[in-house]
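Sharing a structure here in structure tokens format.
Chains here go by letter, A, B, C and D, matching the order in which they are written, and residues are numbered from 1 within each.
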Amino acid sequence: MSLTRAQLAQQIIEAGRFLYGRGWSPATSSNYSARLSPREALLTVSGKHKGQLGEEDVLVTDMAGNSLEPGKKPSAETLLHTQLYSWKAEIGAVLHTHSVNATVLSRLTLSDSLVFADYELQKAFAGITTHECQVCVPIFDNDQDIARLAGRVQPWLDEHSDCVGYLIRGHGLYTWGATMSDALRQVEAFEFLFDCELQMRALQGR
Amino acid sequence: MSLTRAQLAQQIIEAGRFLYGRGWSPATSSNYSARLSPREALLTVSGKHKGQLGEEDVLVTDMAGNSLEPGKKPSAETLLHTQLYSWKAEIGAVLHTHSVNATVLSRLTLSDSLVFADYELQKAFAGITTHECQVCVPIFDNDQDIARLAGRVQPWLDEHSDCVGYLIRGHGLYTWGATMSDALRQVEAFEFLFDCELQMRALQGR
Amino acid sequence: MSLTRAQLAQQIIEAGRFLYGRGWSPATSSNYSARLSPREALLTVSGKHKGQLGEEDVLVTDMAGNSLEPGKKPSAETLLHTQLYSWKAEIGAVLHTHSVNATVLSRLTLSDSLVFADYELQKAFAGITTHECQVCVPIFDNDQDIARLAGRVQPWLDEHSDCVGYLIRGHGLYTWGATMSDALRQVEAFEFLFDCELQMRALQGR
Amino acid sequence: MSLTRAQLAQQIIEAGRFLYGRGWSPATSSNYSARLSPREALLTVSGKHKGQLGEEDVLVTDMAGNSLEPGKKPSAETLLHTQLYSWKAEIGAVLHTHSVNATVLSRLTLSDSLVFADYELQKAFAGITTHECQVCVPIFDNDQDIARLAGRVQPWLDEHSDCVGYLIRGHGLYTWGATMSDALRQVEAFEFLFDCELQMRALQGR
């Protein structure tokens, strides 16, 4: 956690270039963050092209999601980031992405969670060492009132200390890691599994 | 609106590189424009590779779609661009793209419009602030007589001041924005929604 | 037709880089050619990685498909190229590609041709000026005996002077143009239409 | 087989960049190797980003899969590589990839093998000269006990000297070649065929 603000900003900029390039952060959607100190997070500001972020496109917030940089407007979803840093001290980076597959799968799944099983790639998630387990991903209904949405996420986190990510219906994915590269690995793993699951549903029984 | 012709030409060239690279302007299809002055538009000439546009591949027209540069042939669809600049003074750029998804979705939809609802990404369109609304996209039948096609588009524009884009059946998308980057953001948002909608249709009930 | 061998070789190398990059010439499949003189063609040699062609990876043949460069082995399908140069004097380049979509569509279509109609992109083919026409693409069964296959293609060409390309079942596409860029534009247009057609079939009735 | 360790390491690094770029080695999955000498293999170490391998991310093992470089941990699946080098002296490179299509197809196929027929691209596999044959690809159930999994693979190899690759269910592909470029060509050919097969299944009967 000893990286400087400039180093973390660079990680966020590069994460954006990668995630936008993969089509997972289109049309100024998504937001990314890194823990700057025990009580501060570095977040993307609102409404920027995620493949073209600059050093000025991040700002520091406290853990209640308040901007500590006058004149910069944090993303509307800041609270969903800081909530995660407060939940676990070992989380160093949080990525919210917005892919077609996450959107479609979260809308087509009417129940309140998705379960992945028997995929070798489940081992890409922190703490998972075999395909012979289940990864449960909750799906929360979308809400423009972010405090209210965070209030629905918190009980799930409290009860599932092994949670590796969650979906917001019609909106996208939240996942995280000790480092930015851990969080990016988890985004890749989720997108792989979403793609598999959609193809499995399309083909099963054919 | 104080950008020079050279600057706007450069924006059109870069838009073409991006849109061609994404597969949304294949095989010399598509045309792009920017407002040069209250009564002039800068448009792509007819029949060029959209990923390899040069400075000489644009021309100035008046708002009736007439070329103001002797010897250069404007795109057949010029009138569909200038119609939009005349409709709203705040429009600074118009993009017509030609993706597989726009083509397929406009052909498969037999009614005269598509409606998007409950997608967080609807917020990428100008004037939209929540997923709890509907974005209605009209679909016009294709026509090689562009004046006749423009004549069918005009009543829709007159009655829907909040229109953010439209489809021509089997042909592609028209969308726009105050700036080129606004128009590009709307293309990305539309393509995201087209992709979602096609996947939703394929998977619903499976 | 006044381009030198070196210039045409460069066009073939760049076409390969593009077509391989798009996934339309995988695993050393495909072959490309350009007319060098009224009675000579420049063709890719057998079995090379199409995204990494070098100047030495082309050879000159006569119009019967015989190598005019001792020690270099022409592609097994040379005769399918030279047949086209003999068919029409205005053809300057021939591209044979091998995409997933061409393979799947040619296998799923049990009749001996595909017909495209009502697509604006049909206008990307030489001689087509409206979507209100039909583009008919014959499908020939695959055959390792290329002379026999060419013997089945010839009557179709003789009877359809407006032919813009054909498919070999489970194998790929042949298309052509006055110049290399014309042939590339036709490959893009065919791949666009194949993609549309497959999606239309998957979704129709859903 | 006279390439140096540095040259083979470079081939592995470049293979990783290519395979990751294609989406076939996501989220630190996959492992690659090359034969260094009759009794030694050079393999990727465990858990690295496959698009960003460095020279230090490979290690030498003996043919029983034991690390010959103290302090470096070989991939858990090392034995599946060395098993192949022991099986055939002419194998110079082994690639294990982990694509969505390989994962989905191996899960949807309930029988213990896939058969490809009538695809021209079958000719990309070593020893195949016509589409008029069948390529049989066995599918083994996934197992975290790699010695036990290798024990199930061995009898198949012993009985099928023409085997060009195999699948592990929900996990990925193993294929190989005399050189790294031969192995890469076979990965491309398999991925092409997996894609075709999934599309054929989705569309058949529509």
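One rule holds for everything that comes next: a residue touches a chain if its C-beta (ideal position, glycine included) is under 8 Å from a C-beta of that chain, and two chains touch if they have at least 3 such contacts.
Keep in mind the model is a prediction, meaning the values are calculated, not measured.
Enquirer: Return the chains shared as contacts by chain A and chain B, ordered by label.
Expert: Correct list: empty, since no chain touches both.
Enquirer: With touch defined as above, tell me whether chain A and chain D contact each other through largely the same residue numbers, more than half shared, or through different ones.
Expert: Mostly different residues.
Enquirer: Any idea how many Å lie between the Cα centroids of chain A and chain D?
Expert: Centres of chain A and chain D (C-alpha means) sit 32 Å apart.
Enquirer: Take the average of all CA coordinates in chain B, do the same for chain D, and state the distance between these two points in whole angstrom.
Expert: For chain B versus chain D, the centre distance works out to 45 Å.
Enquirer: Residues of chain D touching 2+ other chains?
Expert: Touching at least two other chains: 202, 204.
Enquirer: Enumerate the contact residues on chain D facing chain C in the complex.
Expert: Listed in rising order, the residues are 118-121, 124, 129-132, 181, 185-186, 188-189, 191-192, 195-196, 199-200, 202-204, 206.
Enquirer: Residue numbers of chain C touching chain D in their complex, please.
Expert: Residue list for chain C touching chain D: 26-29, 49, 98, 100-101, 103-104, 107-108, 142, 144, 168-172, 198, 201-202, 204-205.
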